[in-house]
Structure formats: structure tokens, C-alpha cells
Amino acid sequence: MEHKLSLERIVMPIASLLLVFAIWQAAVIVFAFPPYILPRPLDILYNMVTRFHIFWNAALVTFWQVIAGFVAGSIAGVALALVMSLAPRLERTAMPVVVLINCVPPMAFIPLALIWFGLGPNSKIAMAALAVVFPVLYNCLAGLKRVDEGSVNLLRSFGANPLTVLWKLRLPAALPLLVTGLRIGMTRSTIAVIVTEMVGAYSGLGQIIYRSTALLEYLDVWSAVFAASIGSLVLYALLTALDSRLVWWK
Amino acid sequence: MSTRYHAILGLVITALIWEASVHLFQISPRYLPSLYAIYQDGASVSTDLARGLLRTAIETLLGFATGAVVGILFGILFNYVRLAERLLLPIFIVSQTIPVIAFGAIVVIWFGNSILSKVVISFYLTFFPVALSTLRGLQSCDVAKIDLMRSFGASYWTLFIKLALPTALPAIMVGLRVGISLSLAGAIVGEWFGDTVGLGVMLLQALFFEQTVRVWLLILVTGFLGAVFYGAISLVERKMVWWNTN
Amino acid sequence: AEAVSVRLKWLPQAQFAGVYMAQEKGFYKDAGLDVTINPGGPNIAPETLVASGSDTFGILGGTEVILFSREKGLPLVAVGMLQQISPHAFVAYDDSGIESVQDFKGKRVATWFAGPQYTLFSMLAAEDVDQADVDIVSQPFSMQPFIEKQFDVAMVTTYNELNVLREGGINNIRLFYPGDSGVISQQDAIATSEQMIRDKPEVVQAFVEATLKGWKYAFENKEETIDTVLKSGTGLERRHQELMLDELEKLMVVRRGKDEGLGAIDLESISAVQDNLVAFEGLKAPVDLSAAFDTSFWEKTPAESKKVAE
Amino acid sequence: MATIHKLHQPDERGQTPSLLTLEGVWKRFKGKGSETVAVKDLNLTISQGEFVTLIGPSGCGKSTLFNIIAGLTSPDDDGVVTLNGKAQRGDDLLGKVSFMPQRDLLFAWRTVLDNAALALEVEGVRKSEARKRAQALFPEFGLDGFQDKYPHELSGGMRQRVALMRTFLFERDLILLDEPFGALDALTRMMMQKWLLDIWMRHKRTVLFITHDIDEAIFLGDKVVVMTARPGTVKSVETISLPRPRDTDIVTTPEFMDIKRRLLASVEEESMKTFNVAGAT
Amino acid sequence: MATIHKLHQPDERGQTPSLLTLEGVWKRFKGKGSETVAVKDLNLTISQGEFVTLIGPSGCGKSTLFNIIAGLTSPDDDGVVTLNGKAQRGDDLLGKVSFMPQRDLLFAWRTVLDNAALALEVEGVRKSEARKRAQALFPEFGLDGFQDKYPHELSGGMRQRVALMRTFLFERDLILLDEPFGALDALTRMMMQKWLLDIWMRHKRTVLFITHDIDEAIFLGDKVVVMTARPGTVKSVETISLPRPRDTDIVTTPEFMDIKRRLLASVEEESMKTFNVAGAT
């Protein structure tokens, strides 16, 4: 039973993705799209395999930055949520500023990140962190606040201070929403790094996309995008596994 | 009442710190310009700014509206049709790992140079978090309550309307709040694909002409626009999920 | 009127003044065209849009981009070349000790890796400098790293980044022009698709003529031109646009552009660039230049439409 | 009141037909590694119009049995549940019995009035009509004036009464009540008991009633079913032949005392099994 | 057991000192437009080591009163709450009384064992030690074997017992119990009652106990406090001078019957006020 379920969890997504690729391949052939409008997935795959080392090296650079930024941003997001849930007045004061910053498209911060943190990995890590911090903050905060008042009172009656309430009650109750935030943040942080690399970087998948677009190397553009997707999916899958670990009681 | 007071307080404090540090530490305008300089720059392009603001606002709202509706619908579908979740959710996730910005030309070829292409991008960024939050919200429904409704012979539809949806509403609202800022970001990126009007176009100009003051001006104006939308959603939330507030 | 569109390689600015003036002064309308001007943006690949027929015409990248497009099978044809010499140049600080291209050796030199890097390669080759001796890095579209001296040498366009530097009060710099090393690389091609040339040559002819007329008018009426460009409504700065237009005049009204008229296609220099590209393996094999460049429309354009008054 | 089903006439042979029968019903819960048998080989027959009370030690499987009868939990495949002579499979039972769970399960976003009217709304009664019918019960349930409050503003006993109202408004032949009066004070409880008996006598609906109060079980029931400790099955069925209508004073009669003593002994024996330290303290 | 406070010796004058006093305590809930007065001008004194039981009609303000004493709800400003002679303001009372709420409030993500050990953990006891101490109580509470289950796998009565264990492990002078035995069967209930009395006698902890069962109130209490209908205040205090230790048989003695009759009348009078249709059915 358990076994079948996890099999289904792996087989079904792969099946559906294969289906999409099949439709795509067929459509390109049937409608005779030129490669500069839409290349064939098999050609992209072939390109990825033959020039594997290029994309692999770029992906290593990119995803190292993604992970670093994701971790930093998640920690910052959870920390902010914790602080705000402990100090509601701070929340009400700081939230408008947070909202304001979050509503600025991250791209607008790219040049500033490049100015502040340079062309190296730091600016990418900063942008990735920025992309995660808000979904994590929003979701985590909502999770922390949705606990039953009766349960909070129970802990208070045991003399629990707000920190203990946070640790024993609010945090476990917030986990499902927190993981949702992490999942949304995961895909966003990959994109943030790639877009930042496109604007300014020495290497990485984003640079490949940027250069190849200008040089009309469509297969390289698509290959780099595929590589980014695959990496992002792997990380997403790890998070999903974490989800069923953390939220085991559901 | 006091929420509004705190909000204004927060913004004022931030502004004061900003202005004070610019003057105290003699920060170069390249890194951080003074608020007054930003204000002056804004006044000098006020007509263009107003026009861009209006245009971007419309794109954002259209993209958000469609994204929210479709996101909620898919969240619901995923909750009730397991096969759909297994088949489509992975594709949705994959779709979110694609940097649209890499495919400007394709977007223009498919959706033209009209407002449609901005709406599509903003839609594409919005629907995913909304769908995910909706799904999570629906899943958080108390099984005992579902059983109670079933014992009354409730149809799936009744169960959904009277129990599942209200239960999921708080989570959906979180999704919408994440969605609105993404929707705005989508509209701005969309305007980078060869548009003539909008905050995104102005931002792009400023970025590549390295007009730091203008970049900050646009950051503040977009942030303000997003905050207004966010506030509106919070207002709706307070009206719709009143029971969750205490 | 025939409804057509033109896709610019970048956002509205004086770089495309001719197109805006042709529109503003009714040259397009007089030629029976109803033109929509579509700006460009980052990663929007205007070549693809013109090749796919999504846009009728384009003010596209220059020599290299047209060659690459042909190699990739895009049915693009250049029917005019606006900038007669390369707008690219390299800057170094006066106190950097870099006095000539020879001195690039062992230094960190930044270039845009979106095509202009081949101009650098050609320059180095022409000056007998081995690429391997130079630390060549990718440059973002911001001069900040150069200002902060993260690079020793950086690339600029003379109509934009150079002015950005100067406006920022940075004048203690030295410039290295490709032309001084004998590298000519025409930029900003007026291009359309093979299909247009086949099906509606008269429309192509009308567009080329009206556009060049627009440029001629722009250089003869700079004040009015700047006013028009600023109306694009994206918050442009007047001073910067004036400098840009002045610089474009230097790039366009020079060599054949000065003697024979705006927009001349210099197949000789193009051929030289192609040889370089093949040598540096930017291109795998030479492309058919006669298919990629069609000079006939330019030739049929009367001198009074393209020759700027002295 | 179109929704009242009129199925409770004696059949042609003049016998009270059996409404519900359970034969050899099992329910096992599988955890990781362990298995809990909640209900074991249970046989039970409830006749049309009967008032059956159910007692048994805590955790013996009473609520599980109720869930099975309400159609919410499907029993393991080895047994048969029959309603009105028809074997019930899967979801068949849903909507056929009126069920009050042990927890009140009020909806936080509905006012007290709307919570009470919920089952009616689900049935398809117009909202205004549903409210009117719910409204009519408020004084009787001692909740008048609380119609527009939200559940979090009620006391525990008040919430229980709202849940009870909700159940009664869902009019079905068979009513399942899982400790409905657990959180009520003596008098409110007594009033509710009388009220329930009154409803039952007038409409001859069939009631299956879980309680921990043996007095209550005897006072209300036609028969009292005693369940064994987990795995729960029927230990004994005591038919209560006390005359009806019964008065509160009946609890002091010797007959009552007699039955009580017997049942108490029976339940105690079972409860004892639950505790490892038999006869602790 | 360092956490047991030893404050219950009689003072120098040989009198049992009062542990808790409430003077003129009010609690009003403000809704939109309306105001509910839950507790009205309430006066109550509880002495060191006393076992006080509290009865009153449903919704009269008992749980509200408990919340006030536990420090969870602050009373309106007009009254004074004094613990050990010290006036208590704001959050002062938190952590000083051991409190079992009416709903069980078990945490879904904790096993039964960890739920029971929760209060100890909050106190700062090491996790392994907390578990060990919780573990020791499982057989007595009839929950042995369920240590590693999750709350959703328990029956209603079992959940209540876990909540009760959690409360007992939090050892404080004053214990507040809000209908702790509501969902227990007769015998389990009786065993728990005896067990509670035993704990109380041995440790002389002070207990304030809400129940709806008048027998239980009399059987357990040194005194029974009767509350009026809402707005709740103290209607009367009945001192129970039945000898201790009390045996189950005591419920049949004439003294017991006498007290019961009196209390029943008292509560009934109050309950009646809740119902608009006085004497319905």
C-alpha cells in the first residue's frame, strides 16, 4: 500500500512530463515551427548531452548560489516571522514596510544588488534570499497566528512564556504553511539567481541564457533553461519529502 | 484604527532613518539617494509617472484577477481529483521554474504587443501560489467535520461550499497576498518585452541609463502601488474571514 | 496605407531618432505606410521577431548579428546599415598605465559577451595580442564595476556609456577605438524578412527611403528631434539624448555615410568582420553575403533623401 | 414537514419490524506495526421505534460503532449491516440517520442560529425556512438570545445544545446520539431528557443513545446494551420494562435500583479490564 | 519532586489560612452592540487544602471563573483576586495553578505520552525525565499501551484522561478541574474520583472542581458552591461535613440524600431561569 503510493508519486509526474514533451515534439513537427520560435525537445536534449560539461558547470555555479540564498532567505523569513509573532506591535509597524519592499519586483533590485554586492556570487545569493524571504515570512506568520486560542491559554496556564508557546505550539502548527512558503520560495529563488546572472555575472546558467539569446543560440538557451528547471525540481522534490517528514501527523 | 496608526508610524520611521543615514554618513546617491532628491526627480516626470502607474495598475489587476480565479479553481480541482493533481501539479511546478524573462521574443510572438502579453505573464506568476495555498487550505479541513456533513447526506458540492471553502479561506487569502506582489512583478517584466508605457518601461530605462535616483523613485512608486493592492486584499480578508481574527 | 511595424533593438532613445522623426514628420505616411514603432528590451531578440514576421522591419544589431542570424537560418536581410563605424570603444583610467592595446596584456578587460566581444577579439588580433594573455570577463550593462575599478578596461558605446561616465564626472579616462586598429564593424542594420523582399519590395523601398529621410531630418533639426524623442514618455533626460544624437551623427555621417548618403552597406568591411568571426570560430563557416545584405533598396533611394546637408 | 419519514407502523403481521441489524461486524484500525481492534464480531438488532441506550467502558468502541451505523466508517468486510431489510454497503447509510458526534463540531464562521440550521440547509431547505425552523427550538433549548452569537462566545454546555438542535432538525427515523447530555447540568439535562422522550413518543423515531450515566441509560431506554471492553462487542442486553411515561421519581423505585445494580456490576467488570493495576487505590 | 510547593501548613494561630479569595469580581464580554455579563460581583474564599466543588446551570460563568483564577482571562477592574494573601494583577496567576480546561486541547503532533508530559516540559524538566514521570501514570489512568498513539487514534474518554494526566503532572497547590470526568464511564469515573481524593488527601493540594453531577460534587467536596444563572455569582455555599475517607456507599445515606435534595432544588431554580418557557414539557 505504502509502496504503491510512493511509486505513484514518482511515476505519475514523470508520465505527465513525458506526455507534455511528446505533444511538444509532435506540435513542432506538425506545424513546422522553425527552431527560433520553438525547437524540438529531442534536439534540446541532444544538445544538453553533447555539451553536458558546459551546462553542468554552469548549473553547479548557479545552484550553489540558489541553495545559499535559499537557506539564508528562509532563515531570515522564519526569524522575522518569529520576531513579529512575538511582538505584534512590531509586526504592525514593520509589516507595511515589508509589504512595500515585497511589492517591488525583484528585478528592480538587481542593479542595486550588483552595486552593493558586486558581480560575484554575493549579489546572486542576496537576490535569491530576497526572493524567498517574503513568501516564507507571510506563510510562516499566518501559520504561527492561526493556532487555537484555547491551546495558547493552556500553555500559558503552565507558566509558559511566549517563547515556549512559540516553540511548543505555534511552530509545529505553522509547519504545513511554512513548507508551502518554502516551496513557493524555492522556485522563485532559482529564477532570481538566473535573472541576476543574466544582468551581470561571470558564469552560471543565467549568463549562458543571456549570451546565447544575443548570439541566437536557441538550443543553448533552452538547454540552460532545462538545466535550471531540472535543478529547481530536484530541490523542490527534496522539500516535498521534507514536508511529509515534518507534517507527519496529517 | 491603531493598525493604520502603526502602519504610518512604520513608514515614517523608515523614512527618517533613511534620510538621516544619507546625510549622516554622506552616502553617495549612487548607493542611496536622499528622499528629497527622489521626490524632486518624481516631480520632474510626474505626467509620465502617472500614465505609467495607471497602465501598470491595470495590467496587474487583470493578471491578478485571472490568476486568482484560475489558481483557486486548480487548487480545488487538485483537492478533489487526485489524478489531476498527480498529472498537472508537476507541470505547474515545472512551469514555475522557467524564467519567462528568457523568452521575451516567444511571449511577443504568441501574445502580441498588446496588454495581453503583460496580463499573461502576471497571470502566470499569480496562479501557482494561489493554487498551492488553496490546495493546502482545503486539505486542512477537519475530517470529523467532513464526516458530520456527510452524515447529513451532503453532496460534494454542498460539502465544498459550506465547509471546505470557508475552512480554506484563510489559506487562500495568504496565497492571494503572495500573488498580488508577484502579479505586479509580472506586469513589470512583461513591460520589458518591448512596451512603450508603464512603470516597467521607465524602470528599464532608468536601469540602463544608470539613473539611480530614478530607479529608487520607481522602486518606491511600484512598492506603493503594490502596498495599496495588498491593503485592499487585507481589507477583503478582514471582511471575509472575520472569525479567524480572534 | 500599408500597416507595418518596426522593432527597435532597444528602448526609445535618440539612437532611433530617424525612425521617430519619419513618423513625426509624416514621411512614413507620405510613403503610404502606417508604421507602429515597437521598442526592444533585454532578452527580447528582435531578430527573431522580424524573422518570424511578428514585426515587419527592425533596427537590429549590426554586422555580426546579421551574420549569426543567417547562419542560424533566420530569413533576415539587411537593407541598410546606419552606423558606419563601430560605436564600441574601450576605456581605461589615465593612471592605469594602459597606453595602448598592447598593454591589455595581463589586465582584466571587460566586454559584452552578446556579440561585441568579437570586436575585441579582432582588435587584439589586429594588434598581435594573444587572447590568452588577456583576462577577458563578461561586463554587465552598468559601468559601476569599472567605476569601482573591478575591471582595468571596460567596453562602452560612444553614444551612451561613455556619456554616462562623463555625466558622472569621470573624465580621467583614455579611449581605444576599434577603428584605430583597423576594425570597422557597422552597426544598427535596417532589416526585414526575405518574404517581404519577395512579396512587397515596394513597401521595403518605401520604408528604407522614409527612414533615411527621417534621419536626415533629425540631423538637420536636432532641437526638434530631441523634443520628439523625449515625447516617448519614458522619462528620458534631455542632455543625455542631445549627446547621444551628436554622437550618432559622428557614427552615421562618416565614410560612405558622409560621401554617398546615410545607411550605406559596406560589404568590404562586412567581409573582413566575417573573416575574423570565422577565424575566432564565432561563425562555423562563411555565409552568403549577397543573400544577407541587399543594397538595392539603398541604391534606389535618391540622394536628396539620404544625404545630410553639410 | 415533508421530510419526516413515516416508516414506523408495525408491519402486516402486527410485529414491530427490525429497523437496523448488525451481524458479525468488525472494525480494525491499522497503525504502523500495531493493529487496534475497536469492534469485534458485534451483533445487534434495533427495532422500529425502539429507544436503545448503549453503555460500556471508555474506549471500548462505542463511537466507532456509531460511525459505522452513520455510514462514516466502513466496517471490515466480514460483517453485514442491514437497514430496513436492505444490506448497506459503502456510503449507502449516509443521509439516512440523524447523527450527533461526541465533539460538537460547530463551524466557527456560522452564527449559532446558522449552525443549528446547517443540516436543514444541507437537505435543501430554503435558508429563511431553515432558520425559522431552527429559531423555533431556541427557547426550548435554553438558548434564546444567543441566535446571533458565534460558537466561541458560548460555554461548553451551550455548544453541546446547539449541536443537539442541529441533529434534531435533521429528521430521520434513526437518531444516533453520542453522549449528547455530557456537559449539561442536572436540570438542563433532565429537561432535555424529558424533551427527547416526548419527541420520541410523539414521532416514534428510533433512538440509539450513548451515555456514561447508568441512571440515564435506564431512565430513557427500552433496552440497555452493555458493551465489553475493547475489542468492543455486545456483552449483554437488558430490557427495561418500566412503564412509560416515566417520571423523574422512578429512579428511587426498587425495580430501578435493581436494574441499576446489575448493570453497574456488568460495566464495572468490563471497565476493570482496561486497567492494568486491577482494583487500583 | 522539587516542584511540589509546601505551603499548606496551618498558620501560627492554628487556622487554615485562605489560599484564594475573590472579592467583587466581574467579567463582561463585549460583542458588537450587545454585552454579556458572565460573572457578576462574585465573592469566594478557598482555604488551604480545601476540596471545593462548583455546580451551576450551563452557561452560568463557571469556565469563565476558572479562566480568571488561572490568570488566563483578566477580570474587569472592579474586583480583587488574592492568592496566598497577595493581590494578583494581570498575568500574575499564570503558572501558579494547575488547570484542566473543558476541551481536552491535545496537540495533534505529539504522541499521547508527549502530550501528557507537556506541562513538565514547559516547566523545564528534561524531556527524558518528563517522559519517565508521565509514563509512570499510564497504568493508573487505564491508558497503558497507548503511549505512542496520536490523539486522533483515541476515544473521547481516553483523550480526557490524557488531558487529566497532563494536569496532574503539573504539580501546584491549587488545581482547577473543569468537568474532568464528563466523558468517562461510571466505573472509570469512580476510580478516578477515588484516585483524585487519594492524591488530595496525601498531598493536601487545594482543588476547585466543576461538575454537573451533584452526586459527584457532594461525594468529593468539603464544600459545594452553587452558582446562579448568568450573570453568574455565588448563590450559596453548602459545607459537606460527611466523614472522610468517604466510600462509594455513602451516596445512599440519608445525610447525603438530604444534601442532594437541597442542592438539586437550588440548581433547578437557577437552571429554570435559563429557559424562556419556564417548566417546558
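Structural remarks
Going by the order they are written in, the chains are A, B, C, D and E; count residues from 1 in each one.
Following the convention adopted for this analysis, contacts are C-beta pairs under 8 Å (C-beta built on N, C-alpha and C of every residue); 3 or more make two chains touch, one makes a residue touch a chain.
Just so you know, these numbers come straight off a predicted model, no measurement behind them.
Touching chain B and chain E together: A, D.
The interface with the greater number of C-beta contacts, when A-C is set against A-E, is A-C.
Centre-to-centre spacing of chain B and chain C amounts to 38 Å, using the average Cα coordinate of each chain.
One finds 86 Å separating the Cα centroids of chain C and chain E.
Taking each chain's centre as the average of its CA atoms, chain A and chain D sit 51 Å apart.
For the pair chain A and chain B, the distance between C-alpha centroids works out to 16 Å. For chain D, the set of residues that touch two or more other chains comprises 103, 152. Multi-chain contact residues of chain A (touching two or more other chains) are listed as 36-37, 111, 115, 149, 198, 209, 213. Within chain B, contacts with two or more other chains are made by residues 30, 101-102, 105, 109, 192, 207, 210, 244, 246. Chains that are in contact with each other form these pairs: A-B, A-C, A-E, B-C, B-D, D-E. Against chain C, the residues of chain A that register as touching in their complex are 34-37, 111, 114-115, 118-119, 198-202, 207, 209-211, 213-218. Contact residues of chain D toward chain B in the complex are 67, 70-72, 91, 94-99, 101, 103, 105, 107-109, 118-119, 121-123, 150, 152, 170. Taken together, the chain B residues at the contact with chain A in this complex read 2-3, 6-7, 9-11, 13-14, 30-31, 86-91, 93-94, 96-99, 101-102, 105-106, 109, 128-129, 132-133, 136, 139-140, 170-171, 174, 177-178, 180-181, 184-185, 188-189, 192, 200, 203, 207, 210, 215, 218-220, 222-227, 229-231, 244, 246. Those residues of chain D whose C-beta lies close enough to touch chain E in the complex are 29, 31, 36, 55-63, 102-103, 139-140, 142, 144, 149, 153-158, 161, 178-179, 182-189, 191, 194-195, 198, 212-214, 264, 267-268, 270-272, 274-277, 280-281.
The residues of chain C lying in touch with chain A in their complex are 42-43, 45, 47-48, 51-52, 61, 65, 68-69, 72-74, 113-115, 137-138, 140-142, 144-145, 150.
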